[in-house]
Amino acid sequence: MNQDLYTAGMNTAAGTLLLTAVLVVWRRELRAMVMLLACQGVALAALPIVDGIAHASAEVIGVGVAILALRGVVLPAVLLRLVARRGPARRGPARWVPARRESAPVVGTSLSLLITALLTVTAFAVTRPIVRLQATVGSMAVPVSFAVILIGIQVMATRRRALSQTVGFLMLDNGITSAAFLLTSGVPLVVELGASLDVLFVTLVLGLLARQVQAHFGDSDVGRLRELRD
Amino acid sequence: MGTATSAGYGSCVTDMTALLVLPVAAPVAAAVFAAVCRNRRLNAAVAAAAALAIGACGLLLAVARGDGPALALGGLLRADALTAVMLVVIGSVGAPAAWAGIGYVDQEVAAGHTTPRRVRLYGVLVPTFLAAMATAVSAANIGVMWAAIEATTIVTAFLVGHRGGRAAVEAAWKYVVICSVGIAVALLGTVLVYFAAVHAGIPASRALDIDTLLAHATALDPAVLRVAAGLMVIGFGAKAGLVPFHTWLADAHSQAPAPVSALMSGVLLAVGFSAVLRVKPVVDLAVGGGYLRTALLVVGLATVAVAALMLLVQRDFKRMLAYSSMENLGVIAVAAAVGTPLAIAALLWQVLAHGMGKTVLFLSAGQIQSAHGSSAIAAVRGVLARSRLVGASFAVGIAVVVAVPPFAIFGSVIAVGRSMTEVGLGWLLAVQGTLMVVAFAALASRTVGILLGEPEPSAPAIMTPRSISLALVIGIAACLALGLSAGPLAGLFRDAGLMLAGVR
Amino acid sequence: MTMIRTALRPDTDAAGSEPQASHDARQGHEARSAAAAAWGGAATSLVGLAGVVCGIVALAGRSWSLSLDGLFPMVGVQLELTPLGGLFMLLTGAVAVIVGIYSAGYTRAGHLGGFPLAVMPIFVATMLLVPAAGSVPTFLLMWELMAVSSMMLVLAGHRRAEVRSAGVYYAVLTHLGFMAILLGLLLLSAATGTTRFAEISFAIGDVGHGARTVIFVLTLLGFGSKAGLLPLHAWLPRAHAESPSPASALMSAAMVTLGVYGIVRIDLDILGPGPRWWGLVMLAVGAVSALFGVLQASVATDLKRLLAFSTTENMGLVLVALGAAALLTSSGMRDVAALALAAGLLHLLVHGSFKMLAFLAAGSVQNATGLRDLDRLGGLARRMPVTTALFGVAALGAAGLPVGAGFVSEWLLLQSLIHRPAAGDTLMALTMPLAIGVVALSVGVGVVTMVKAFGVGFLARPRTDEAAHAREAGAPMLLAMALAALVCTVLALVPAALDPALRALGRTLPVPVATLGGVVIGPAGGLGSIAPAVLAAGMASAVILAVALSRIGSRRRPPAQSAAPLWACGADGLTSRMEYTASSFAQPMQRVFRGVLRPEADLSVVRAAGSAYDVEQMAYRERPTDAVEAHLYRPVLRLVRAVAGWVRRAHTGSVQLYLVYGGVGLLIVLVLAR
Amino acid sequence: MTVLAMVAPAAQVAGVLLGAPLVAGVMRQVRARLEGRVGAGVAQPWRDLRKHLRKQAMTPSGTTVVFSLAPAVVAGSALLIAAIVPLVTTFSPLDRMADLFAVVGLLLIGTVALALGGLDTGTAFGGMGASRGITIAALAEPTILLSVFALSLPAGSSNLGVIVAATAHDPWTVLSVPGALAFVALLTVIVAETGRLPVDNPSTHLELTMIHEAMELEYAGPRLALMEWASAMRLTVLLALLANLFAPWGIAGAGSGAGGFLLATVLIAAKVAVLALILGGIEVFVAKLRLFRVPELLAGSFVLALLAVTTSSFFASAVG
């Protein structure tokens, strides 16, 4: 793989990461959000794969494939089940229909997009020391990772559905993983393994809790979880 | 720059593989045992035994430790004075808490609050929780430490929601979401450290190893490490209940079963903070001592302030205890910021004492709660007249956490105060002292209201299962003993302080 | 037995109606609690005795130190005997010996259970160890242990809401004071680079002026809170009133003085001599406390609360003496400064003796009647003649009248204040007259207070059944009170007995302490002289002469008539409701000092049913308020509460909002770390 | 120290004992004459005393030894003061035993005994009188002590003998600003302490206004006699003291012989008589103050005393 292609590949992947993040902010259809997340996972996986091909490192490609499987397939699938599922099989009389759309947003879409823009700019501003330290193709794209991280938190903070929050969290995580891949070729395997497993488990836990929220509150709107306070 | 801190690293003199592996292996074995065995009391006893094993390993490490850190499993596990301290903390809080689980589950079963499946889950998760924490404190690699800490979130998510019901689910959701985000921020910091290390020419496979980082700390890029350190402070701070990711704490602590609250408050927070302590020497060497000091000061003071003020408006005694934990952790963070050997030793001492105190407190609070079916402060009167043991435990616990002698935190407050004035941070002591008085006032007035007075004739009796009584008695004795003498641990704390003290 | 029961608990029916079993059980319980009281009292006395011995040894100039670093991790225990500490150990020990004897007889159920009895020796021990502490951490440890153990004693009667409230007040204010001391002493040890007091004294010369000033202010505030000085005094009237009387006596006579110990040790001995305004500040704090305390005492109707406020007054006077000593030293008048210091220390000891006696007597009254309210007491002189007489001794001492215990020290204080200032010393020329005015007014109002306490509470006729059926206290209590009265009398008549102690102190303190001389007290530097014992003898002979005068013509008189009816304005007879109460007695004071006491008036009118004009019942209440609490504590509390309210409102329970906090935190870190 | 000086205290006590009723008589007589009455004569108080002393002794029900002893204590304190203060000589052996502060304290003991006697009866009047009397005494206290300060500064001692001797040695010091202020202040508090107009009306029995009389309302017979005697002695001794503090002419010094003592005795009697005449005359022209205006009067005298001290210590520090 020549350098231009490598650069193009990396940049495309990074661009896709950011684009999907912005689109998640835009869209309010839950299923669409999950799909966008899957796309983001694919874009994320593209980073090590491109990197691995460029440096002819089977190990890195392998990691990329694993990422692809986890972030592009498994995690979105877990979330999709949450959207698709028609009521709890055994438990409780409360049969519920999963919500398909985000409920009334905390912040309007246009304002959300404005905030996203601001966060992206901020991300570019604050990553100067990192970019300065190492001016590689990957490092140049690191602001994108930070932007995705911040947008992930933004999604979590402005969306009300349990599912949307999970999507936001996974975006945040995608951003961090992408940073790892853009800066170096990923963290050591044992760390990556632990991190990925943790993410998987967190997603499962959130899915499970989301269902309990639905069962107890009759709705997956976590904005209603405001009974615990002083 | 350049202190004795890095001098002793890199040389492993004694082989302590067993002492390093056992703290992780024993609770894992206990978890497996619990998954297989159906006798829940036996399971709890085994879990308690595993916790004791952790504590014993910590003690043995403390006694047998050499000059440098001990390594095991091909450099995956690593033990130094901080590890030993934290293992002792995990063991000493874990054993009574796991043991008290017998009484807790008995009561839940008797009240029909729980299902056999949940009971088994509880039996498995508690030792798993211990294992995750033991891993976190004995990991040689910052990344593994991170993963283990994140694992505690996953494990405890179910424990927080164990009681079921709307409130428990809500607490669990918030706990998982906020902690995960916080810890993810720490991951980003870890990634940046890794980046800096790799960029400094450290081989990738060892780039996150603590010893390696310490050895090459001065070569790391300060600018990147500043960002990384900031992220790790607030990221790991999330698990330690520090501002700004502190918001999960009161909810989770108030909804979790009492033994789990004790574990979370007494150990988990400290484990989260130990991660900050781990990276602190590296950061101090790389960017100078002032940076983390400022960061920890801001975060710590903000935490103390929020906790103290929230204590003032508190109406729920379990939340009150949670905020008191926050206050203590804030004080600990400030002590870490001060960073003299004495201050570090004192803060670790406080970690241990706070763990013991909170165990006693949460266990007794759990009994009050289960008697009243509520944790509203206004609903509870005259506990001391109804149950001497529970009342005395609560009183002792509060005395511990508000730093009253003869209990141990008093000593650490004095020692940290000395350090503060010695490094010219007297104003800080003034601010913190004022906030501590606010917290003290809130805790004292509410405790007086809960414990003292004439109980109403209709007040429910406070039953204490034998297992919990035993845990309480042992806890009180331990609190007193800690306050009176450090015994063989004195040297350990001194060395941990010397090891972790920052650069000025 | 039955009669006592009904007297103690007027709301329960006759005790005879209860079943035999519970009667036996109660008797068993009482026997047990009597045994516990004997043991607890004996332990307290023994610890006190040890304190007396240590104190005498220390005053004799034997130095002794002990270091236990293994105990109390991070703090350590370093003890060291000094003459100054010895004086306070002597005082505390002596008080403890007497209180121990007293509490052996003080077994009233619900007042002093086994736990408080067990705490009492510990409390005494911590009080003895505070002046023996040789290093800053040890001092802080002992100080706080003392606070904790006294706190437990305060809360002994926790079933009553007032006790709990008093406990909280005490805990919070004493903790605030502790924080100030902690900060001050730690700054001191950091500035000198050592924690040992002995070494601090050597190294203090290198400490800068700014640091000294900060330490001075902090320690004055902190120790002042323990000594009941303004502005952190509010715990004192509550805690002293609500704790069991032996504990009140210990606290008021011994613990409170340790606050003064701190001021003498740190602010005068170690830090001093400071700039002139230090002395001025101490003088001002003392003056304000003295006036405030005595005015509040003069309008208090609760006997123990009255005594507690009087403690604030007396500690204020001591601080006036200390402040005057500091001022005079800085003016170069060392002789007079020595006199002022002697006056302050003497007053401390004397106050300990008469206040202990007063609290013990108040305890006997409470034991016998269950009452502390002067408005409901009265007529005790007939039922409890010994207690009454002994309280009279205490009241005479507290009033500062000649032949009373408090007179000599107040006289010495005045002697030290009436000095001709050095040429051109405008500050002294202005300060000293005002200080005399303050001392004089507090003595005057103190007389009102004590006349009220004694006259309304013990003389006249009983105002309630409880007071009418009081029984004299038991032998141990009377013995203890008699011992205290003996101490009072000795101090009143031969204060020069303390000369060796004062001389021992004079060798170590930077400002020498004046000695008193012999029968005629005419201290060096003093302008006048008195002979208290001669005055007492003269007074006695003058009274005898007067009695003899009234016997002139007695042979021509008809036989004396006793029990003559009193003038009741023509009514059939006097009822107790016609009597002047403590409130009415204090009414002129309250009216005169309206501006300071700011009484709170409360008029409640119950109208007759169905009518807007017919009034069924009207009640008018006026009670003095604490201006400091109203204008200092409450605004601060309001502010803190408001801030807490904002913080609370920021925690809405919304997970999204919480994530925003986290995100903002992240952004801040990213931006600032860049 | 001469034998005469040793005897002087006894002579003073005797003089005050015998003379006090006459002083009261003088004041009453002056008042009667100025009001256009004939008056009972200067010796009437003596006749009253004799009458009271012959009456039956009554002990009201419910009172204690405090009630019985109170008159003796009041009288005793007055007698002790009479023995101590320098009336005829500045060289009394008792002078070193008590200074002006102690004398003020003894005076207060008398007031306290009076108040306790009133309180012990348990009647509303007794309590009322005690409350008022003691409040006024408390408020007068600062003035007295400050006046003492003002007087002792120039003399360099608070012992009365020394003060009076100093003034006798240099009589013009009293004509200074501090001296004048202190005189007025002291006179005011003497009026207040002894229950004279305008603070208290010694001859009133109007329930709402009486102070001193309210306290001794229950006394009768010999005890009343002692009480009245005592209050006359207080007045006498205070007037004598005032006279010698500000006009010590003729007081016997260290070297005075029997003639000097005799002269001093006559002179002090004369001075007291003059003061009694003046005071009695003034009383005719003033009305009793409302009770709650009394503090204003005392506050005024306090300010005067304070000014006296301040000016005095300024003068002292200026020259000193």
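Order of writing sets the chain letters: A, B, C and D. Residues in each chain are counted from 1.
In this section, a contact is a pair of C-beta atoms (placed from the backbone, for glycine too) under 8 Å apart; a residue touches a chain by one contact, two chains touch by 3 or more.
As the structure is a prediction and not an experimental result, all values here were calculated from the model.
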{"item": "Chains touching both subunit A and subunit D, listed by label", "value": "C"}
{"item": "Pair of chains joined by more contacts [C-beta pairs], B-C or A-B", "value": "B-C"}
{"item": "Distance from the mean Cα position of subunit B to that of subunit A, given in whole angstrom", "value": "30"}
{"item": "Distance from subunit C to subunit B - Cα centre to Cα centre, in angstrom", "value": "43"}
{"item": "Subunit B and subunit D, separation of their C-alpha mean positions in angstrom", "value": "77"}
{"item": "Distance from the mean Cα position of subunit C to that of subunit A, given in whole angstrom", "value": "68"}
{"item": "Residues of subunit C engaged with two or more neighbouring chains", "value": "648, 651, 653, 655, 659, 662, 666, 670, 674"}
{"item": "Contacts with 2+ other chains: residues of subunit B", "value": "173-174, 177, 181, 223, 226-227, 251, 310, 313"}
{"item": "Which chain pairs touch, all of them", "value": "A-B, A-C, B-C, C-D"}
{"item": "Of all residues in subunit B, those that touch subunit C in their complex", "value": "173-174, 177-178, 181-182, 185, 223, 226-227, 229-231, 233-234, 238, 243-245, 247-248, 251, 295, 305-306, 309-310, 312-313, 345-346, 349, 382, 384-385, 399, 404-406, 408, 410-415, 417-418, 420-422, 426, 429-430, 433-434, 436-438, 440-441, 444-445, 448-449, 452-454, 482-486, 490, 493"}
{"item": "Touching residues on subunit C, where the partner in the complex is subunit D", "value": "378-379, 381-382, 399-403, 407, 411, 414-415, 417-418, 420-426, 428-430, 432-434, 436-437, 439-441, 443-445, 447-448, 451, 454-456, 459-461, 520, 522, 527-531, 534-535, 538-539, 542-547, 549-554, 556-569, 574, 576, 578-581, 584-589, 591-592"}
{"item": "Subunit C contact footprint on subunit A (complex, rising order)", "value": "106, 122, 125-126, 128-129, 146, 150, 153-154, 156-160, 165, 222-223, 225-230"}
{"item": "Residue numbers on subunit A that touch subunit B, as the complex places them", "value": "126, 129-130, 132-134, 149, 153, 156, 162, 165, 169, 172-173, 175-176, 179-180, 183-185, 187-188, 190-191, 194-195, 197-198, 201-202, 205-206, 209-210, 212-213, 216-217, 222, 225, 227-228, 230"}
{"item": "In the complex with subunit B, residue positions of subunit C that touch it", "value": "70-75, 137, 140-141, 144-145, 148, 155, 158-159, 161, 164, 167-168, 171-172, 175-176, 179, 182-183, 186-187, 189-191, 195, 214, 640-641, 643-645, 647-648, 651, 653, 655, 658-659, 661-662, 664-666, 669-670, 672-674"}
